[in-house]
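Letters A, B and C mark the chains in the order given here, with residues in each chain numbered from 1 onward.
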Amino acid sequence: MSASEQPSPASSLEERLTCGIDGSEIYALAAEIFPICRSITGPGVRETLAHLGRHIPISTVEVPSGTPAFDWTIPREWTIREAYIADESGRRVLDFRNNSLHVLNYSVPVNERLPLNQLKAHIHTLPAQPSLIPYRTSYYQEQWGFCMAHHQLEALPDGIYTAVIDATLADGHLTYGEFFQPGDEQDEVLFSAHICHPGLANDNCSGLSLLTYLAARISQQKTRYGYRFLFAPGTIGSLAWLSRNENGAAKRVRHGLVLSCVGDGGGPTYKKSRRSDAFIDRAMAHVLSHTGGDGVIVDFSPYGYDERQFCSPGFNLPVGLFQRSRFGAFPEYHTSADNLDFIAPEHLATSYRIIAAAINIIETDRVMLNLLPKGEPQLGRRGLYASLGGDPEAPKKNMAMLWVLNLADGTHSLLDIAERAKLPFATIDAVARTLEQHGLLRPATSATEPLDGPESH
Amino acid sequence: MSASEQPSPASSLEERLTCGIDGSEIYALAAEIFPICRSITGPGVRETLAHLGRHIPISTVEVPSGTPAFDWTIPREWTIREAYIADESGRRVLDFRNNSLHVLNYSVPVNERLPLNQLKAHIHTLPAQPSLIPYRTSYYQEQWGFCMAHHQLEALPDGIYTAVIDATLADGHLTYGEFFQPGDEQDEVLFSAHICHPGLANDNCSGLSLLTYLAARISQQKTRYGYRFLFAPGTIGSLAWLSRNENGAAKRVRHGLVLSCVGDGGGPTYKKSRRSDAFIDRAMAHVLSHTGGDGVIVDFSPYGYDERQFCSPGFNLPVGLFQRSRFGAFPEYHTSADNLDFIAPEHLATSYRIIAAAINIIETDRVMLNLLPKGEPQLGRRGLYASLGGDPEAPKKNMAMLWVLNLADGTHSLLDIAERAKLPFATIDAVARTLEQHGLLRPATSATEPLDGPESH
Amino acid sequence: MSASEQPSPASSLEERLTCGIDGSEIYALAAEIFPICRSITGPGVRETLAHLGRHIPISTVEVPSGTPAFDWTIPREWTIREAYIADESGRRVLDFRNNSLHVLNYSVPVNERLPLNQLKAHIHTLPAQPSLIPYRTSYYQEQWGFCMAHHQLEALPDGIYTAVIDATLADGHLTYGEFFQPGDEQDEVLFSAHICHPGLANDNCSGLSLLTYLAARISQQKTRYGYRFLFAPGTIGSLAWLSRNENGAAKRVRHGLVLSCVGDGGGPTYKKSRRSDAFIDRAMAHVLSHTGGDGVIVDFSPYGYDERQFCSPGFNLPVGLFQRSRFGAFPEYHTSADNLDFIAPEHLATSYRIIAAAINIIETDRVMLNLLPKGEPQLGRRGLYASLGGDPEAPKKNMAMLWVLNLADGTHSLLDIAERAKLPFATIDAVARTLEQHGLLRPATSATEPLDGPESH
């Protein structure tokens, strides 16, 4: 936001949420947490939450290993200290310190000398992308392993190697972070990002950082809904949260978004909730239709991120997934190429603005009544046309005024009007406030209050 | 219509409305009223109504200046006598007598000598269409001005010019014309064309003339509905009519069309009513789907002609807009190129036939019952196939018979059947009359009378 | 089906219906009945039914000439013994023995000497397809005639010819065949193929033969519905059946298909029932969406085969039409090119499998309930992911499991799930059985039993 665009005291929530955000701050925090080796349990998650916690007061929840979570059980805690492969001269041909992807995530410990051909059974590569290190995990099957570039593996001479993974798998805790900002109403908006991936910048340092800045900004606003931000390990973390909150916060979720991969230049992509016609589905579809780029709306499917759990049939929460490029659809996905070069401040800022625009709709959509519904009011007499002189947005605002006056009959909300007018909600909202100031509109006392006109006879 | 196509005594309403109309008569009347300088008030409107009144008995309504019309007030009456710009030698470089567009419509009077550079502030041109005179108005802001070709303005030498507009703006009346033909029922069909534009042939001499001929022809028919034709100045004229008829005729409007720009070769275009699924919307969409050319159906929007007022939320009347090229979408729009060369008898005739086809649907749509609903009746035995021998329309009529018999189950009207069969309503209507004559169909006693068949158990 | 694909004891109905069918047996039976000269009445129909009756116990129904069938009357029985045209030397230039199409079907007898130019009035050819013999009938207008290749007609020298049709049109019977296999419920599935066309392989020896093999296989299965197979002359035959069964079997039809032209390589084509949203319409659309080729779904129209009668408004049965190429849309249609070279075992087998897949949906669609609806069940722990190792269908089956678990909430049947997942019903059905075996699903006690979850509050 340039100096000339400072929000006025009467600025919209959307303006207050986005003012001054240019993406560089989101990028910096994502870069800060990028090197940390996270997994579904262990100190990496706690360390990451500590970084986020410098911006917002995060509650850290520790769930003991062995705790049931519906059909699942909280697994042991994984602590990784060191991992390398050394040749016979002791030279480390692979070292976990260089890249957190080098170790098979959640690997059991090993300290073994073995010939290359046996070692290869434990090494994961990407032959089709031979210069990239893959990201691999083995949460629910005990094994050890390394990940490396295929080129590097092919260059290794035969011989005996020493494979060392100094890790512990032991009873401990699963850790997740939560931040909640109360609203005027009991109902809540849920935002969630997974915190279990190691050094992948887009998937999901980008989402963790964006939500942290959003939470910080939300905490400065008075809002209708409560806002809950969840930073939890994928699948088991959201299951743990759901199992602990199924009769509490989970019942209060009225709108929700899972965020992942929000820092690249693709998409934007919105995957609808299982309900497919939830308000968040309409709001996100509307925002994307007025965002540049190749925005795409994808139908719900039961494969993806934690929306799988939130949208399981026993919960069926109105929670969608927001991404830039769709997961699995970009070549950097789950490789060492998903690094800090792959994300950019401008893309993070665009993603942030999309979410802010959706929040603005969620918070401010309302039904207004035209107080002069017979014929058009004479806008020119009130200076409502003239006041727009020189404004390059004037034609759009004029059309927006005509649409609001035409449809403010007690049966259309401002989002309904924005959708039918094919104009941004923010424009419709702004002219509705102007028309209300001029006494041409008032809020409907209920969402179904009809006009008193011939059609009601 | 050629001699061989004389409608028979059993001709359809559509045939009776269109028989003998070839567009030349509509063109001639449009040409007759083209030179008159109309505005939202004043003698130009009365003079135009006098021309139309030679064909139908028009009631002229005079509404005094100052009369309220909802949020508006009837303005002063404008009388223009003379307008010109003369150079120092007295030569008129622009003269209103040559083109009624030369004066800013509703201009205040002026008689002033001033240098060219000051005069230019009062001259409107179209730099992008430098040989055309624009059409400009200033109804609700007092100013004086001229309109001219940009080329002509550029050719004017510097110097002192005399600007004369001999006009009066004074309390008087707003004038509109109305013609009403009663029908069997109280419900009415409303046709409306604006009468406030000066010398623009398509917008809207074409509409005024077409409606006059339609009204003349309607007045010779016995109809189900009453037919009301309104010739009123744009916006303020329809508001005046609505305010005077809101508890009367406005409540009886069951179908309606605003007509403008019906003489060029574009489109045809139908803009739906605010209701979007009114019967007139279906009827016009159906007719356009069977008319050649690039027919297009446009969603309602609150910008356009007087449908804006009829479709304001306090009225929400089932009134759409019919045009050939869409307003604003042709380069001649609101310029001196919208002249008698731009419209043509053949296009006026096509527009007329489209309206007549829609009236036929409005008047004659009905629910018929198949009297032999089990299996197909044996059409060949009745000569219903044979009777079509040599008729190039035979395959279409055969399909139409099968469709009518198949869907005449008490839940489908003839328009429903025509839509599903993708056949013209006129064809469906014709075979329905034939099948009724052969005892295979009868009118349903109510629109929901079901067949007595297995599906009713 | 190869040896490695033998259905297991737990095989699906679809597997049991299709196991071992490769199309050669259907082709052989079609070839067997191809030479027989059928018409709407007469010994050709009886002879054809005798061939089919070697595979299934067909009931032959004889309806006397003069019997009313709704608006129609059963016509006289036609017996054709011999037909030829001979030149003055006695050489037969056309002989019915060579091709049953050579005689105008249902022709009155003739034995006459006449010059070529008079004979030509009785000869039907296809000038645009000069080497093909057309198929022509004259059921309801008494006339005699021959059909021949246009080339052949042009080559005939002038002269006197003898035209002989040794045929009888006399009171007798209309014959149709019926096979019924009872099911657990009273409701029935109706299959119908017309038996009135002479030597046309695709239209409809293919349909008669396919249904015979299907009936034979169905008769070995225990089914939910009764299955009725009708082999009747077109139009008058289905009308006769409907008039005799209107208060019986016709009321019990819950799903139905007319089959014709099922042996060529086009389509496949499904024309929807008049209801357009009947279960058979959904089932066939689903199967075709997962069949290779250019499958196409066509809206109902009242022109075609016997679905015209079944879908007449007095019955409105849920009966669609299945074809490969659409009738009238292939150049071989109703010509001598619709011969045994035009159909092929592989195409017959594909058509058969499509019908079997639809029957499987009709019989086994059901509503299942997820017993662990909160979050996803841990499939890996149960070996449900691992068990798929090496299976090329594994990704599809994994997605199918997730979809079934996600939508098995008491409001979606397996077909609903297959449609939304865009996966074949057979895959959804298979994983539903697997999940049920693992205790993760159970059948809903009613189609509307809801899950007990937050959304029910």
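The rule is short, and it goes like this: contacts are C-beta pairs under 8 Å (C-beta built on N, C-alpha and C of every residue); 3 or more make two chains touch, one makes a residue touch a chain.
Small disclaimer: the values here were computed from a predicted structure and weren't measured.
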item	value
Type of subunit A:subunit B copy interface by residue overlap (half), same or different	different
Degree value of the rotation bringing subunit B onto subunit C, based on Cα positions, nearest 5	120
Chain centre separation (subunit A, subunit B; CA means) in Å	53
Shared interface positions of subunit A, touching two or more other chains	none
List of subunit B residues in touch with subunit A within their complex	69-72, 140-141, 235, 238-239, 242-243, 246, 250-251, 274, 301-303, 308-309, 311-317
Partner subunit B, residues of subunit A touching it in the complex	370, 372-378, 380-381, 399, 402-403, 405-409, 421, 451, 453-455, 457
